[in-house]
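Labels run A, B, C and D following the written order; every chain starts at residue 1.
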């Protein structure tokens, strides 16, 4: 269980970072982390203030069944969404949901967040997709699981690689992101909010704005990711 | 009088929270709290800086007559508005008025603040209504009481439930909110400012923006409020 | 000279408040104060960082001649503008100039800042006027004095009362404000920036936005100013 | 080597200022400094957090060859851009690149940042130019050096004086700036972000906005720069 204890600490810290980095007001956001060898997910308890979070309040569930296996508190109400994403995107080690204002504004428009610059391309290899709005039937029963299914369906329909596009917008709701670790996933959420803000500023200056050429987009993404990356220091 | 002393402390703290949370600059905002068993309202004194507030400066009035029964200072000039709201919305335990910038901008447009997302729906069950602008006659005499009457009339005319819609915009002026306690009412003011900002960002990206479907709105509101709520921890 | 020493202290503090309140970045803003009995103006030295200001660095000039009578440093390059305003608006005890972003944006549009709400009306009795842009000749020689003359001409042409309208926008430049004391003038600058921001937010939501009715404007201004004011505590 | 040690300290501090002044999030920005007598450039290492920077981590390269002559870390991936600028603009003593949000938004529009006011004219003698977007071939090979060449070409084509226009926008990317010292260059970046913000606010109020008259632009720039400057204190 040492790995789980370590995971709970990191998930706790990552949740607190949402508040510190301005991504989440009140209790609006949650981070989960995965221990895939043990088939477990650790996630924020529902409705608990970030200031009151501690590692021992993080809830641990079975990734397969969703049943709580450790912790006295109820898990985040968004847990079924996290579970659907975690089951489908098997390279993800952590998932984040926020209501950060600029990303949420894009989600509320129902439009994909276009790649307008290299700040975006350094982290996200293309436009940030929007999944379908749920039907009334999908919202009525298993709402949160159906949000997750709509996300997975969008990636499957458009043949998107969740390793190169670690973000999605749920229309009328907000963003979900993922990464290899809780720290990565939160960093992706910080970058998404920043590029959502830059795209907002750009659109309000020039609505018919040029897209970043595909070859610059690829150049920047591949400068930081994959076998030919040359940004940063070589690991030693 | 123990209850009144406790109320004065909480009303004092809630007023200070307006400044700390960025909802009020200078002296632009006020919180009142109600002790309905004793028929009393406690409210911020007029024009006093938040830094200089202390529980013993909070003014206590008769809810029925509006007459000051305790305190050396003059009550907020908006007191008659608070009294009208308190008398009509009998479940409210506290009332807040601010000039927070995004909510005030919506009030200045004269348009209702539309429900564009789940952040809004989690707290407010529908669009935030705007009351009627006062006539010259209504502004001339008993101005502040007439603002309160216009608010109450809007809820009555549109058959709105103040328990499910704890906010209103006064056109050309700003928002009024309420809640069960001073802390609740201030929390509602924080949420309103945040969703007013998100709606502003959304509108400037896409003016003809989709509304949140009614079934998602209801799903989210009822997830947090009422008998079928399942957000947060079960009270023990 | 005791009054002058006191004035230098207050002018120094008021200049530092520009930085603390976010109205001025770098060295972009200046406050002057007047000791009319002695015919003196105290003003910020040119190009000195706010952090480095001290009362003994404040420059004192003759209001009549503009000649420095005390201090080793050169006065603000905007001094001739302050002098023109001080000579014409004889009730003013202090003058402020800033490049605060929202007020400057309105100045850059060349449009008056319309009164859209009570936050504005509580301090400014009408739209914030814009003076004329200088001609090439006026800019070439005595530029800063001619800015001041353009301000005074606008108030004279439109029969504006500087006591009820303590602000003006210089097109393509930024705002000038005044008040009875250095603290009042800076407070007016804080309010102007806030209402400029609210008007900006309102315009971006609804370009054809309703003006605040004249009778509400007057009601709010007179609630706080003049013989029938009833806001705040009675002076004792 | 004393000069180089001093330069590394100042370049280190200037990089940290990017974070402190809000110009750079995460690791998005870099400052280089030049010791032209020794033919050296000192620059931020690639991908290192600002908090972890220290003078001994600053990388020193040959200005002529671009080869690292001191330091264990890889230099910023933007180094070839800095080198091209440094070789062409021989009066520059330091270069800055940021992704600050307002300047980046203008870069993303592909439009020059127009001079709308005196805040702009005090530092930049005209509109901030945008260089050409690279072709696919230019992006494929020697991408970063080609960005630098596109910047230099724009100044050459339009006969711009880098001493009077210490800034450029790279389309779809962000700004580059320069100055006599690392502190000057960072100060120019702070001013650019502020005027980019003011221009954004102005455009969203009035899209067909008046330009600052050329004679006011020149008046303000020359008030602060060149032989007839009269802003600030005379050097003694």
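Here, a contact is a pair of C-beta atoms (placed from the backbone, for glycine too) under 8 Å apart; a residue touches a chain by one contact, two chains touch by 3 or more.
None of the values given here were measured: they were computed from a predicted structure.
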Chains in simultaneous contact with subunit B and subunit C: none
Shortest chain-hopping distance from subunit B out to subunit D: 2
Same or different residue numbers at the subunit A/subunit B copy interface, by half rule: different
Chain centre separation in whole Å, for subunit C relative to subunit A (CA means): 47
Separation of mean Cα positions, subunit D and subunit A [Å, integer]: 33
Of all residues in subunit D, the ones touching two or more other chains: 204
Which pairs of chains touch, using the document's own definition: A-B, A-D, B-C, C-D
In the complex, subunit C residues that touch subunit B: 116-119, 187, 190-191, 194, 197-199, 201-202, 204-206, 209-210, 212-213, 215-216, 219, 223, 230-234
Touch list for subunit D against partner subunit A, complex: 25-26, 28, 45-48, 73-74, 77, 99, 101-102, 104-111, 133-134, 136, 139-140, 143, 171-174, 200, 203-204
